[in-house]
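Each in C-alpha cells, the structures are laid out below.
You will see two complexes here that share chain A, one where it goes with chain B and one where it goes with chain C.
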Partner chain A sequence: MKLYERLMTIDRRIIYGILLAVVMLPLIFPSVVKVTPMSPVEKLFTAVDNTTDDKALILDCSYSPQIKAEVEPMAIAVLRHAFKTRKKVLVLSLYVEMIGLATRAINQVVEEFNATAQTYEDSIIYGRDYVFLGWQPPPIVPMLGMGESISNIYVVDYYGNETDTLQMMERIRNYNDISILVALSGSRIPISWVAYAQNRYGLAVGVGCTAVSGADFYPYYQTGQFTGLMVGMKGAAEYEELVEANYAVKGRRIASEAMLSLTYAHLAIMLFIVIGNIGFFLHRRKK
Partner chain B sequence: MNISTDPWIWISSILSLAILSFLYRENPFFRAAEHIFLGVANGYLVTFYWHRILMPILFRPLFQQGDLLLIIPFTIGILYLTRFIPRISWLVRIPIAIYMGYWTGVLIPATIQAQIIKQVQGTVLTSANFQSWNAGAWGIVWSVIVFIGVLCTLSYFYFSREHKGVIGVTSRVGIVFVMIGFGAAFGYTVMARISLLIGKLQFLLGDWLGLIR
Partner chain C sequence: MKKTIPLTLIFIAGLLGVISFVIPHPSYQVYDEWIRNDLLRVLSAFAVVLALGSLLRVHFDKIRRKRKNWQFSWLLLVAFGASAIIGLFGGVAADGILPTTIGSFPFDIQTLYENIVIPLASSMFALLAFFMASAAYRAFRVRSMEATLLLGAAFIVMIGVLPLGYSISQHLPGFVQWILNVPNVAGQRGIVFGIALGVVATSLKIILGIERAWLGGGE
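Let's turn to the complex of A and B:
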C-alpha cells in the first residue's frame, strides 16, 4: 500500500487514541502555561469589578451538564471574583436541568471562602452576600419581569425563603439596582437577555459561552451589546488568571490546568489536517 | 493514586466509560448507558415540572387556595390534550394560536432591535465604531473590513441577478469572508469538543482515579 493510501485509510480509532494520549499526558504531568487575558475578558472583569456597593450583579448559570467542562470554570471564577471583592450576587438558572450545576458552583466557592474566613463579616453569608433565586419558567418571564420587580417574579428563592425578607434584597428591587448580568450559557440565551432585558431596560450583559457559540457572539461584543465576553475554556482560564493576578484568590483553576492539554490537542489536530490534506492531494494527483 | 470511594463517582465514571466506548464501536454497554440517561433525564424533568411548576403555580393555588382565575390558563392548557381525541382535536388550535400570537408579538420587535438594527449600526463607518475595536488607528481598518465583508457576503446571497460584473466580483469576495467565517467556527468547534474531552478526563483521572490532584 502506498503512503498516500495509508494516509487516507487511517483507522479513526488510532486518531482517537493519539488524541486521548495528547490530552491525558499533560493532565497527569502538568506544567505551567501562561495565559494572557484578551480584551473581551478584561472588559467583563472590569465591569464586574466596577459594581458599586449599592448594586448587585446577576449570574445566570444556564449551562447544562454536557458543557459543564467549558462553562462551570467561568461560574466559579466570576463567583470568586465577586465574593472576594464583596459584590452582592444574585444567581439564577433559566432551565430546570441547570439548577443542580448552579448550586454546585455556588456551594464550592462559598465553602472555599468560609473555610478561611476568620469572622462573621469575612464569611460569605446567604441572604447578605448572595441569593440563589432558582428557576422560574419560561425564561422570558424573569428576563422581562425582573425589570419591574425581582421579588414579584421570584416570590420565594430556591430554598423557599420569601425573597423580600432577605437582607440583601432590601435594596435590590429591579434592573436599576443591577450593575451587570453575566449570562453563562451554551445556547442563544445571552442574545435573549439583550433582546428583552437590555433593549427594554438598558441592562448591561456580559457573556460566558461555549467555544461553539464564540463565532456567533463576537458581533454582539463588537457592537457593544455584550459588555464583555468569555469564550470557551480559554476564556475561563483568562478570567481565572485575572482573578488571581488582581486579587490573589487561591483555589483550583480547572480551566488553566487544561490549557496545556488544549494547546497540544490543537497542534495534533492541525497536524492531522495537514497530513489528511497531503494524502488527499497525493491521491488526487495519482488519479 | 488515590481512587475514590464515593459510590456516586463510581457510577458516574462507569457510565462515562460506557458512553465513551462508542468511539470503539457500538456495544451493549453504550446502549445501556444511553437508555439509563434517557430514563433518568425524563424522570427528572417530569418530577421537577410537577413539583416546581404544576403544583406551586397551578394546582395548589387553584384547588387549595381558590384562585379561580387560574381556571382560564388551566383550561387553555388542557386543550392541548384534545389532539388525542379525533372528534374534538380541532380545539388544539386554540392554545397553539394563543402561543403563536404571543410569541410573534414578543419576538419580532425584540429580534429586529437586537439582531438587525444594532448589528447594522455596528457595520456603519462611524468614529464610535472605529473606537469600539479599542485598537487605535487600526480600528478604522477593522471597521472597513467588516463593512466590505458584510456588503460582499450579502451580495453573494443575492440571487435575483446572475453573479456577473460587479456582483460577480463582490460575491467572489463575499465567499472568501464566508469561508473565513466557517474556518473560525470550525476552529472554535474543535476547541469546544477538546475542552469537553478534557473536562471528562479531569473527572476520570482526578475525581475517580486520583491520578491528578
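Let's turn to the complex of A and C:
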C-alpha cells in the first residue's frame, strides 16, 4: 500500500481508540483549566448580577439528557451565582422529560450551600429563595401567560404547593418582577422566548446552549435580543470562572475540568483532517 | 363536512392567533388570555392522551402481528407501565402512597430517571463525537477554494474557542468572536429571513385552506 493510501484509509477503530484516549485520560485525572471569559458570557453574568432584591430571575432548564454534559454545568454555575448573591430564582422546564435534570441541578446546588450554612438565614430555603415551578404544557402557555400572572399559569408548583402561598411569590407576580430569564436549551426554545415573551412583554433573555447551536443564536445576540450567551462547554467554563473569581464559590467545576478533554479532542480531530488532506494532495499529485 | 369543519377551525384559530398580536385592546386581550391559558391547555391535555393512546396501540399491534423486533415493544410497554405507576403513585419527591424503596434501594421516579434515562441518552449522544471524528477525517477534503475557506475558518474557531487559543495569541479569541459575530451572522440572518418568509407563506396557505396536507388521507 502506498503512503497516500495509508494516510487516506486509517482504520476507523484507530480513530475511535485515539479519540477515546484523549477524551478519557483528562477526565480520569481531572484538573481545572483556567479560561478567559469572553464578552457574551460576561454580559450574561452581569445581567444576573444586576438582579435587584425586588426582582427574581427565571432559569428555564429545558435541556435533555443528551446535552446534559454541556448544559448542566451552566445550570449549576448560574444557580451557584444566584444563591451566593441571594437572588430569588424561579426554575421551570418547558418539557416534561427535562424536569428530572432541573431537579438534579437544584438539589445539588441547594445541598452544597446548605452543607456549609451556619444559620437559617444562611441556608437556601424553598419558597423563600427559590421556587421550582415544574412543567406546564404547551410551551407557549407559560411563555405568554407569565407575562400576565405567574401564579395563574403555575397554580401549584412542582411539589404541589399553591404558588400563591409561597413567601417569595408575594412580590413576584409577572414579567415586570423578573430581571432576566436564562434559557438553557439545545433547541430553538430561546428564540421562542424572544418571539413571545420578549416582543410582547419586554422580558430580558439570556441563553446557554450547545456548541452546535451557538452559531444559530449569534444573530439574536448581536441585535441585543439575547442579553448574553453561553455557548457549549467553554461558555459554561467561563461562567464557572466568573462565579469563582468574583464570589469565591467553591464546588466542582465540571465544565472547567472537561476543557482539557475538549482541547485534546479538537486537536485530534484537526490532526486527522490534516492527515487525510496530506494523503489527498499526494494522491492528486500522483494523478 | 370531514374537511370543512377542520378547515374552518384552523382558519378561525389562525386568525385569532394573529389578531392577538395586533390588537392590544384590554377587552380583546382578556379573550386572548382565555384562549391561550385555558383552551390551549385543555387541547394539549387531549393531545397528550391521544399521543399515549397512539403509542400503545402501535406497539400492541406490533406484538400481535409479530412484526420485526416486536420483542422490543414489550420492553417499551413494561417500562411505560412501570414508570407510569411509580410516577403516579410514588409521588414526585417519593412522597406518594406507593413505597418507593426496598430496604436501602430507592426506585422513585427521580432515581430511575437519573440512573437509567440520563446515562442511556447521554451515552447515545456521546457516540456522535466518534462518528463525527471519523466522518471529518474521511470527508473533509480541500477540493476547492470554498472548502479551503471553510476548513480554515473551522480550524480557527476550533482552536480559538479553547483555552489553548488564548495561549497562542490573546487576539485569537477576539478574532473568533468576530467570525461568529460578523460573517456567521450575515449568513445566518439571510437563512433566518428565508425561513421566516417560508413560514409566513406556509402558515397563510394552511390558514386559507390552500395547503391541506396536514388533514391527512392523501387525496
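Here is the rule we go by: the second predicted complex is superposed on the first by the 284 of 287 C-alpha atoms of A that agree within 3 Å, B and C clash if a C-alpha of one lies under 4 Å from a C-alpha of the other, contacts with A are read in each partner's own complex, and residues count from 1 in each chain.
The working rule: a residue touches a chain if its C-beta (ideal position, glycine included) is under 8 Å from a C-beta of that chain, and two chains touch if they have at least 3 such contacts.
Quantities reported herein were computed from a predicted structural model and do not represent experimental measurements.
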Exercise for review: Considering only the touch criterion stated at the top, classify A:257 as touching first (chain B), second (chain C), both, or neither.
Suggested key: first
Exercise for review: Please indicate which partner A:275 is in contact with in the superposed arrangement: first for chain B, second for chain C, both, or neither.
Suggested key: second
**Study point:** Partner chain in contact with A:248 - chain B first, chain C second, else both or neither
**Key:** neither
Exercise for review: Pick one for A:198: touches chain B only (first), chain C only (second), both, or neither.
Suggested key: first
Exercise for review: For A:210, decide between first (touching chain B), second (touching chain C), both and neither.
Suggested key: first
Review point. Touch check for A:222: first (chain B), second (chain C), both, or neither?
Key: both
Practice item. Examine A:24 and indicate which partner it touches, taking first as chain B and second as chain C; both and neither are also allowed. Key: first
Check your understanding: Now for A:234: first (chain B), second (chain C), both, or neither, which partner does it touch?
Key -> both
Check your understanding: Regarding the shared-chain residue A:115, is it in contact with chain B (first), chain C (second), both, or neither?
Key -> neither
Review point. Do chain B and chain C touch any of the same residues on chain A, and if so, which?
Key: 16, 19-20, 23, 39, 66-69, 97, 137, 140, 211, 214-216, 219, 222, 231-232, 234, 262, 265-266, 269
Study note, to complete from the structure: chain A residues touching chain C in their complex are 10, 12, 15-16, 19-20, 23, 33-36, 38-40, 64-69, 97, 100-101, 103-104, 136-138, 140-141, 144-145, 148, 152-153, 158-160, 200, 211, 214-216, 218-219, 221-222, 231-232, 234, 259, 262-263, 265-270, 272-273, 275-277, 280-281
Check your understanding: In the complex of these two chains, what residues of chain A are touching chain B?
Key -> 13, 16, 19-20, 23-24, 27-28, 30, 39, 66-70, 96-97, 135, 137, 140, 191, 194-196, 198-199, 210-216, 219-220, 222-225, 231-234, 252, 254, 257-258, 261-262, 265-266, 269
Exercise for review: Over in the complex, which chain B residues touch chain A? Could you list them?
Suggested key: 23-24, 41, 44-45, 48-49, 52-53, 106, 110-111, 113-115, 118-119, 121-122, 132-134, 146, 181, 184-185, 188-192, 194-202, 205-206, 211-213
Exercise for review: Can you check the complex and tell me which residues of chain C touch chain A?
Suggested key: 21, 33, 36-37, 40-41, 44-45, 48, 92-93, 109-110, 113-114, 117-118, 120-122, 124-126, 129-130, 132-134, 136-138, 140-142, 151, 155, 158-159, 161-164, 166, 173, 177, 180-181, 184-185, 188-189, 192
